[in-house]
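Pasting the structures in now, so scroll down.
Shared between the two complexes below is subunit A, which pairs with subunit B and subunit C, respectively.
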Partner chain A sequence: MFRHLLRTIATSKVVSTNGKLLSLGNYRSIVPLSTTRPHLQEDKIKVTFVMPDGRSLEADGKVGDTLLDVVVNNDLDIDGYGACEGTVTCSTCHVVLKQEDYDKLPDDACDEERDMLDLAYGLTDTSRLGCQITLTKDLDGLVVKVPAGTYDARS
Partner chain B sequence: MKPCFSIALRRFCSQRTVPQVCVVGAGPAGFYAAMHLSKNLRPVKIDFIEKLPVPFGLIRYGVAPDHPEVKNCINQFTKLANQENISFYGNITLGKDISLDNLRQHYDAVLLTYGAEEDKTLGIPNEDAQNIIAARNFVGWYNGHPRDKDLKVDLSGRTGTIIGQGNVALDVARILMTPIDILKKTDITEFALQAISESKIKELYLIGRRGPLQVAFTIKELREQLKLPNCLTIWRKQDFEGVAEAVVNLQRPRKRLTELMLKSMDNECSQPGSYEKYFRPIFFRSPHKFLVHNDKVSGIELTCNKLFGDNIENQRCITTENKETIDCGLVFRSIGYKSIKADNGLSFGSSGSVVNENGRVLDNKGREFGQLYVAGWLGTGPVGVIIHTMGNAFQVAINICHDLKNCESSKDGFKGLKNSLKNVNSPVVTWQGWEKINRFEIELGKKLGKPREKLTCISKMLEVAGE
Partner chain C sequence: MRHRVSVVKWPIRLNVKHFNTSSADKPDGSEIGLPRTQCPIQNHRARSTHAVSTVFEAINPSVRSWEEVPGPKPLPLLGNTWRFIPYIGGYSVEHVDKVCMSLRQQYGKCVKIAGLLGRPDMLFVFDAGEVERVFRSEDAAPHRPPMPSLNYYKHTLRKDFFGAEKDCAGVIAVHGDSWAAFRTKVSRVALSTGAAAQYTEQVADVADSFIQRIREIRDENSETPDDFLNEIHKWSLESLGLIALDTRLGCFSSSEGSDSQRLIDAVHTFFLCVGELELRTPWWRIYPTAMFRRYVAALDTILSVTLKHVERALESSEKVSNKSLLQDLVTAAGSRVAAVAALDMFLVGIDTTSNAVASTLYQLSSRPEVQESLYEEISSVVQGRQLRAGDINQMPYLKACVKEVLRLYPVVIGNGRQLTKDTVICGYKIPQGTQVIFQHYVMGNSDEYFADAQEFRPERWLQKSSYKHPFASLPFGFGRRMCLGRRFAELEMHVMISKIILNYKMEYHHKPLDYHIHPMYTPDGPLRIKFIER
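Moving on, here comes the complex of A and B:
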């Protein structure tokens, strides 16, 4: 909690006149002012994508963003990730989670998400679409695997 | 050596050593391969050669108009095409305007990604009767492919039949059964919208050679079909004998798909009421011959099939003596695509795709051509959705990167190729030209309350691009 408080103070913020929080230098992070715990909205957590070749891509993601947002906002080098831009009509943002992280997610995958996962390479019991995973504070340090995209699901 | 001369020489040399890659066909396979090449081969110059004046291939002309989200990958492709090292040259046809030898002469690597544009035929009697339509052409017609703009399709009958049970078959069914108020907000062509709004088709059969456990369509497309308002899906109970028992042993994708069919069959009984339209999948039937009345199709005679083989998903079918007849005045043939042989130098395998090993094209003696590659449906056969094409394109691109790693280029790319173009009077459409067409189409669409109204006439496209 103390660490968290420090982090909140360390992030420079401006409260604009119309009551919105603005983080300096990042237009995308305009968020409505919450009356309860406004600092939460600005929280960032660490996310790691483990690539098929073993490379690890680390990035900060804002609480409330999706994993797909993290890839796009940080311009992470994952070929073809998020082709349909988060509309649950492709499976290019498929990630594999650890069981404990998978269990932490508040919502189960809906039918439409499962339909898309069924077309993904390397489908596992803890697979999800990155565009459907919303970051929460307790996902800090999340590590997900990006499965290899080889052409082996033809039959 | 004087310093300024040495700098000039170095500059000259470094320009010369940029590997020149030509991608034939600006569809998803070509774009995804180029995406990987551009990121991993630095520097590289990539030129797209495209038969049509416009890019995106099956994303533009294959993806159904009510699936605009699937087309979002166009944004990534556009970002790539705007890079300085990427060029688009539309309205150039391999085999007509330019030969494969020409391309190989001017490029360090040629990647063929021109897909599979022809439809397979059944080879049964009366297949040339009126109103037997290749699904490929029907899709091209509602999606505005210049080749299909004049398709004659008569939707005045009550019953139609689709032969084949893949996603294209389901796209055709859905477009014909979707309420017109939904369709008119899409980029479906205006002439198709008009014809479909007057359609009298109330009943569509979907015929498959094999059983429910072997269908080729994917679950998303089936779910959409089942959710269509005012349309009831009616399965034949006898087709599902033993299916419920087999479900437990299936892999998850096939399992969920099969469970959805079974669930739909159960719901059908519990959903009385009046429906406007009926969708009737039929299994274990092969078309035997078409019945004709006044040169126009009036029905199909089907042969009943039986399956054999232990591996349930790969069971084969054998015909029996039994026959069944369906009366219908409209037939869509949707049994797959095949690629054309754009250049005589290419060898095709039995699957109808260019013979290759990991994307490296082989000649008719099984030897590598060298510097000639194939990706997407032209190399894999016409199967899979975009993610499969993407995966294949990346794999082939990785191999091209490997082969070109130490490439000392002496090729002149499009600068040289330009002089080999056979028809000098036919204009080449650049990316800027496409952007003019794009803006024009969006403007046209605005007037009709649609996201876009496609130009379907090549000469009009060329006119707009050249303005």
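Moving on, here comes the complex of A and C:
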């Protein structure tokens, strides 16, 4: 959306006070000077989602984002992921972690999460809900598997 | 996020790949962090859903038609509605539980109830694997079976209020985009983990008052009076008032004619009428019957009393900085959303919670050994101090007891969806618009899904070994339309029961009570429980 806004600004033309046409396109050069971006880059956490069909989806998140945030913010193509919007009432954001990553997570699953994990399809010992995994610097390069869903009953 | 949800789709996946992780080869789930916490529940969590292998068998190449679904045959003109006429029909609204049990035995795992006057055909589903499949394939805005009578109230009779602002009609009897928009605003505040736990101390405060109230109302035999259930209603309303409105309503000292008692009576009338209005012949659509007038009057009472409290709470919230759900909602979504959310909470949040507590107390009162185990667990966590946020999470046995009661006696015996697309269920093609009712009372009591289903064994929820189907007992539902008040209802129940167990031993010395739908699924008869001080 931000990009779209920039583009709009960049292409719009304004008439300056002295009547000369000015293109705001020149102001693009200002953007890289912003201090926000390098700072964000520093905190970028790389996450890879391995899909049931073997595809790998890579995306960047920030420290403090949940895996669900990463999927939503990057518009990753994982069907049905996070249907309840992170309110822990479904198990569609179920992911399977490697044992070492699982052990690295600062918090154990809470009771609400465990109740929903019981209802997750293809539960494993290192399953968690993506909406409950918050990214830390430790987790940079995290690889998680997205288990297969189930039949579409609406077919 | 909204954008994301709007494109949610479940693909057709014909090849199911079973997922192997390195840890799956290990002997059992015991390595998933038992040393870190003492919670015995962890031990059983890591298991695959039992239904995995059965889910896919249901897609049958030879799908049969809707006409072939078994079920009681509707009569010409009268349909099946006549079956709910008292004395003649044989189906009692008060004993729908038994009707459902016998339908399951007579017709099998899915039963069609066609020809109900004024409402779509219904399909009762008794197969947990199919429940799982339907739930998993839900889209972003699942429809619940509409309640035409409440629909009429919200969208026709009182549309000036509910239609005044866009997407602000609440969550009950509302569907589609309007529902999704409202739900999204509220669910973050009401359902995210830890949302309820921060109210632990306030809820414990009300529970303390109730403990004291029991002392006052006991007779010389230390038994509670016949209308003990009404006292539990008062507790439930008081808790809800505190959570939703940050107000002590003073229900325990309320008398006949007070706002609190009027609210309790109105909610009770609402539930009593709704079953009758929905299942029996809908004469109210032609002219306002006595029942319908009572129903509308009850809803008007709930609306006016709630709004009065909401207004007062909003006024005072500017002065005090106490945290309440109401203020959270005002901050997140504005005062009108908060008011309508509070109304829906009062509509469905009083009776349900109080009947669940009544049912639990009744079940525990005849089981001293369960009470002792509970006492050990709770007292070792609390250790004489006040209950704090997080304490309840260290009481797995208490949680298991509540789950077990709700498995055997769910306060709402079924949960439903209205199909938004043609769907194959149990090998039949079920047309769009059909109301599918998941019968979790029948499934929860079935040996097919729970080992020794008739036995009260809370331990089954703590053991990995005991067989249970995760989708057979879902008292709060599942997914996007799961009970919005679940976290608060659970908190209220857990806090209340732990307080009672800490203070009293319970005994029951009268004839065993049958359960009936009145209007929740609840023990039929006076709850004369003996409360003995510990």
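The working rule: the second predicted complex is superposed on the first by the 108 of 155 C-alpha atoms of A that agree within 3 Å, B and C clash if a C-alpha of one lies under 4 Å from a C-alpha of the other, contacts with A are read in each partner's own complex, and residues count from 1 in each chain.
What we mean here is this: contacts are C-beta pairs under 8 Å (C-beta built on N, C-alpha and C of every residue); 3 or more make two chains touch, one makes a residue touch a chain.
Note that the structure is predicted; figures quoted are calculated from it, not measured.
Peer 1: Using the superposition described at the top, determine whether subunit B or subunit C touches more residues of subunit A.
Peer 2: After superposing on chain A, more of subunit A is contacted by C.
Peer 1: With both complexes superposed on chain A, which partner does A:85 reach: first (subunit B), second (subunit C), both or neither?
Peer 2: both
Peer 1: According to the stated criteria, A:52 is in contact with first (subunit B), second (subunit C), both, or neither; which is it?
Peer 2: second
Peer 1: Check whether A:96 is in contact with subunit B, with subunit C, with both or with neither, and answer first, second, both or neither.
Peer 2: A:96 contacts subunit C only, not subunit B.
Peer 1: Is A:75 contacted by the first partner subunit B, the second partner subunit C, both or neither?
Peer 2: In the superposition, A:75 contacts subunit C only.
Peer 1: Can A:138 be said to touch subunit B (first), subunit C (second), both, or neither?
Peer 2: The answer is neither, since A:138 touches no partner chain.
Peer 1: Have a look at where A:113 lands relative to subunit B and subunit C in the superposition and call it first, second, both or neither.
Peer 2: A:113 contacts subunit C only, not subunit B.
Peer 1: Show me the subunit A residues, by the header's touch rule, that subunit B contacts in one structure and subunit C contacts in the other.
Peer 2: Touching subunit B and subunit C on subunit A: residues 79-80, 83-85, 87-90, 111-112, 114, 118-121, 123, 149-151, 153-155.
Peer 1: Can you check the complex and tell me which residues of subunit B touch subunit A?
Peer 2: Counting only subunit B, the residues touching subunit A are 32, 35-36, 39, 67, 69-70, 72-73, 75-76, 218-220, 223, 252-253, 256-257, 313-314, 380, 383-388, 390-392, 394-395.
Peer 1: Which of the residues in subunit A end up touching subunit C in this complex?
Peer 2: Result: residues 52, 71-72, 75, 79-90, 96, 98-99, 102, 108-114, 117-127, 132, 145, 147-155 of subunit A touch subunit C.
Peer 1: Quick one: in the complex, what on subunit A touches subunit B?
Peer 2: 77, 79-80, 83-85, 87-92, 111-112, 114-116, 118-121, 123, 149-151, 153-155
Peer 1: For subunit C, which residues are in contact with subunit A within the complex?
Peer 2: Subunit C residues touching subunit A: 1, 4-5, 8-13, 16-19, 21-24, 26, 29, 31-33, 36-37, 41-42, 45-49, 52, 55-56, 58-59, 132-134, 136-140, 184, 187-188, 191-194, 393, 399, 421-425, 470-471, 478-480, 482, 486-487.
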